[in-house]
Amino acid sequence: MSAALLEIEGLTKRFGGVTAVSDCSFAVPEGTVTALVGPNGSGKTTAFNLITGYMRADAGTIRFAGASVRRPNPVSLARHGLTRTFQQARVFPELTLVQNMVAALQQPWRAALQRAVRKHERTRALELLEEFGLARLAGERAGNLSYGQKKLLEFAAVLMADPRLVLLDEPTAGVNPLLVEQIEQRIRDLNARGLTFLLVEHNMNLVMRLSDPVVVLDHGTKLAEGKPDEVRNDPRVLDAYLGG
Amino acid sequence: MHEVVQAIILGVLVGGIYALMASGLTLVFGIMKVINVAQGALVILAAYLSYALFSHLHIDPFLSILIVTPAMFVLGVAVQLVFVRSLRGPDGSELSLLVTWALALGIEGVLSVIFKTNFRVTSPSYGDNSWSILGYQISEVRLFAFASSAVLLLLLSLLLTRTRFGRAVRATVQNPTAATLLGVDANRVQTLSFGLGVSMAAAAGAVYGVIYPFNPGSHYDLISRLLSIVVLGGLGSLGGAVFAALGMGVIEALVAVEISPVWSSFSFFVVLIAFLLVRPQGIFGVRERVL
Amino acid sequence: MSRATAAGLARGAAFAAAAIAFPFVFNAAWIVNIGVLTLMYAALATAWNLFSGYTGYITLGQAAFFGLGAYTLGIVFEHVGIGSGYNPFYALPLVGAGIAIASVPVAWIALRTRHMTFAIVTLTLLFIVQQLAFNLRSLTKGSSGLMLPTPSFPISSYDTPFYLAMLAILLAGLALCWLILRSKLGLMLLAIREDEEKARGLGIRVTGAKLIAWSLMVWLSAMVGGVWAYYLTFIYPESSVDPLVMIGAVLMTFLGGRGTLWGPTIGALVLVPAQQYMITKLGASQLYLVGYSAVFMVVLLLLPRGILPSLRSAIDKQRERRRTHREPIVREEARA
């Protein structure tokens, strides 16, 4: 396995008396599709929010691409290539699909007064939308999409800025089986082209097919980490899922 | 030193009244994410009502709380039903700022037409009495005003902690969706709480008129203080509002004696801005959950 | 140049030409006076819309910057001397820029808070400025008010230079809005208005974008305040930091349509003449306040989206009805 793109160490977050994430450590090796799984309430989404700077951790260190991230901040992390999607698909409903895509391009300030959507940007947006099967809706308001289509659009948009690591928060939750297959295929393709993923996912079959390594969280701490088969047969993991 | 202690006493007494006004504001925000910018105008309206009751019917201003408060409760319920309830949707709480501001202007206009714009003050016979305790002057009306505010705040907190309605309110503040699922009638809770918030303004207004001269335009000064208090305390936090109100009273009084009275309310705004630099969510506020 | 661009420019040019010609055609002083006020509100509303309409952050403190502009011009007159006639107008962009830069740190603090807190903090800003105007007597003469030199314009067309100055600011504001709406900055602001947290996650520099829109709002508002002070030649704290002025601008923006280009101007064109009529009819008495708040309520409760967006969606519906064969846009799918 290659070097770690993202390293989490001793990550801790308390809400009042409840410890949501407790001394949690794991790594996302470069070029992998790493999965973060665990029963409901095991702290997966909180861990995501801590890593991406949407919440401030009480303790712990985060290293991304070899550099330590002192005060994680969504904007600068995204601009350094660490980007994410949300559990409830979030798009800009009043903007068109193309505008949604171009808005994700991370422009420098000197481009601020250029036309909102330039020709080559539209072309790039359309290419990606085509890959995700959304090209024919390119001029539609994003708010008119179905839930699954919004998930696809959100996924497609984060790719506009050529990230190095994409955090997917339940990419297939609430999506019909056809789209699940499509999302899976997209992850595989992009991963084959060198993009690294960290995903939180409830669909265990998908995780077992797609991910290596798999990190299991329970009560905010890491329970197990390893190849899908090892993890699946780990008695502690079975306990956590079945024993409650 | 004597001056400082005297100022602190004065500040706490005044702060208690502001705490009562601000409690209504922050309660309403906690429940329906609506800032009632008309709270200041409603305080002034109540001050006029109490003034009218005193000058025409010779009802003691502190006694008039018992009349003004229920009357304004009804008014508050009506305002909620007519103006505030229809503001739903993503912009709802921001539109409410403007709607209640318009309401404040309307109240100011009506009061100016009826009472003209000169300053009034409700002055009962004991208005100038004061006690001297250990060498400190304590004005009788200010102490009464503070005491009635404290009693009303206590009643409010009992209402919120000991009654079915209070439980429904607190449930709604913490999690509106869950509260609805548990059978809380959200509309009813919102309407009644709005009325409750306005009655707090009413009670405070009755005593405000005894301490300060007021005219229809006084609501600007009031609302700017009240809003600063609830932001400093943390929007939606009752304890925070009380704490911030007392703090504001003390800061203003201290600045008034140490520097100059003209800078006293200015000083409070500066404290607010400086504080937000460190804690954007206010003293007891929680950071907005964004996800 | 695309057709939309050409149409936009043509509309702007037509408006500018008509507005410039207006005071020379209708040159009665009272008409031009209403014109000055209309343009003043249109410019303030456009400025308000540039920030609050585009970012979704409602500011209630615009009057603070209007007042700062007014006082700064007055104080500069008193201490530096900026000539007479048209000269003070040329100093305004600098005065405005100074105020805009000075306002950025406060805006930065305020923008760290939630939307509602932000609105409230900007409101307190208004009262801070008013207090300063009262208390810094050596500069502002406190409540007795500050006198500016009377400009040396001919009596017969005294109002016209002020009319043109207000118009220049309005046109500058409209041009800025037009540029922003079609630019990447505009796209960033729209994204912020729609879902700021999501925008952050995509690496959009939300704070910078908001601060740019904010400073432009302050710049324009301060310049308007400056022209207004020079026009009246006498300013005092209550009139120059007047919440009513700003509420007027907000009302006009809502009436015309938030987030649009022409909405605020249309709102001002409708409301200011009506407002002046109400003032002459009801006297400047407080009954006018009641009428004002009634109009405000009606607009907010019945037409919260404003004239332009409502018109636009009506036209869109009409068009859609004409399209007979409409392909279904969204494929229904199961939500697990």
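Chains: A, B and C, in written order; residue numbering restarts at 1 for each.
The rule is simple: contacts are C-beta pairs under 8 Å (C-beta built on N, C-alpha and C of every residue); 3 or more make two chains touch, one makes a residue touch a chain.
Here the structure is a predicted model, which is why all the values come from computation and not from measurement.
Using the mean of the Cα atoms as each chain's centre, the chain most removed from subunit A is B. Distance from each chain's C-alpha mean to the overall C-alpha mean is smallest for C.
The distance from the centre of subunit B to the centre of subunit C, with each centre set as the mean of the Cα atoms, comes to 31 Å. Separation between the centroids of subunit A and subunit B, computed from CA atoms only, is 46 Å.
The mean-CA centres of subunit A and subunit C are about 41 angstrom from one another, to the nearest whole unit. Of all residues in subunit B, those touching 2 or more other chains are 290-291, listed in ascending order. Contacts with at least two other chains are made by residues 197 of subunit C.
Looking at subunit A, residues 54, 86 sit in touch with two or more other chains. Those residues of subunit C lying in contact with subunit A across their complex are 179, 182-188, 190-191, 194-195, 197-209, 212, 329-336. Of all residues in subunit A, those touching subunit C in their complex are 52, 54, 74-79, 83-84, 86, 90-95, 99, 102-104, 106-107, 109, 111-117, 137, 140, 144-149, 157-158, 161, 173-176, 178-179.
Subunit C contributes residues 56, 58, 60, 106, 109-110, 112-117, 119-121, 123-128, 131-132, 134-135, 197, 243-244, 247, 250, 254, 285-294, 296-297, 300-301, 304 to its touches with subunit B in the complex. Listing the residues of subunit B that touch subunit C in their complex gives 29, 33, 35, 83, 86-87, 91, 93-95, 97-99, 101-106, 108-110, 112-113, 117, 216, 220-221, 224, 227-228, 230-231, 235, 262-263, 265-266, 269-270, 272-273, 276-277, 280-282, 288, 290-291.
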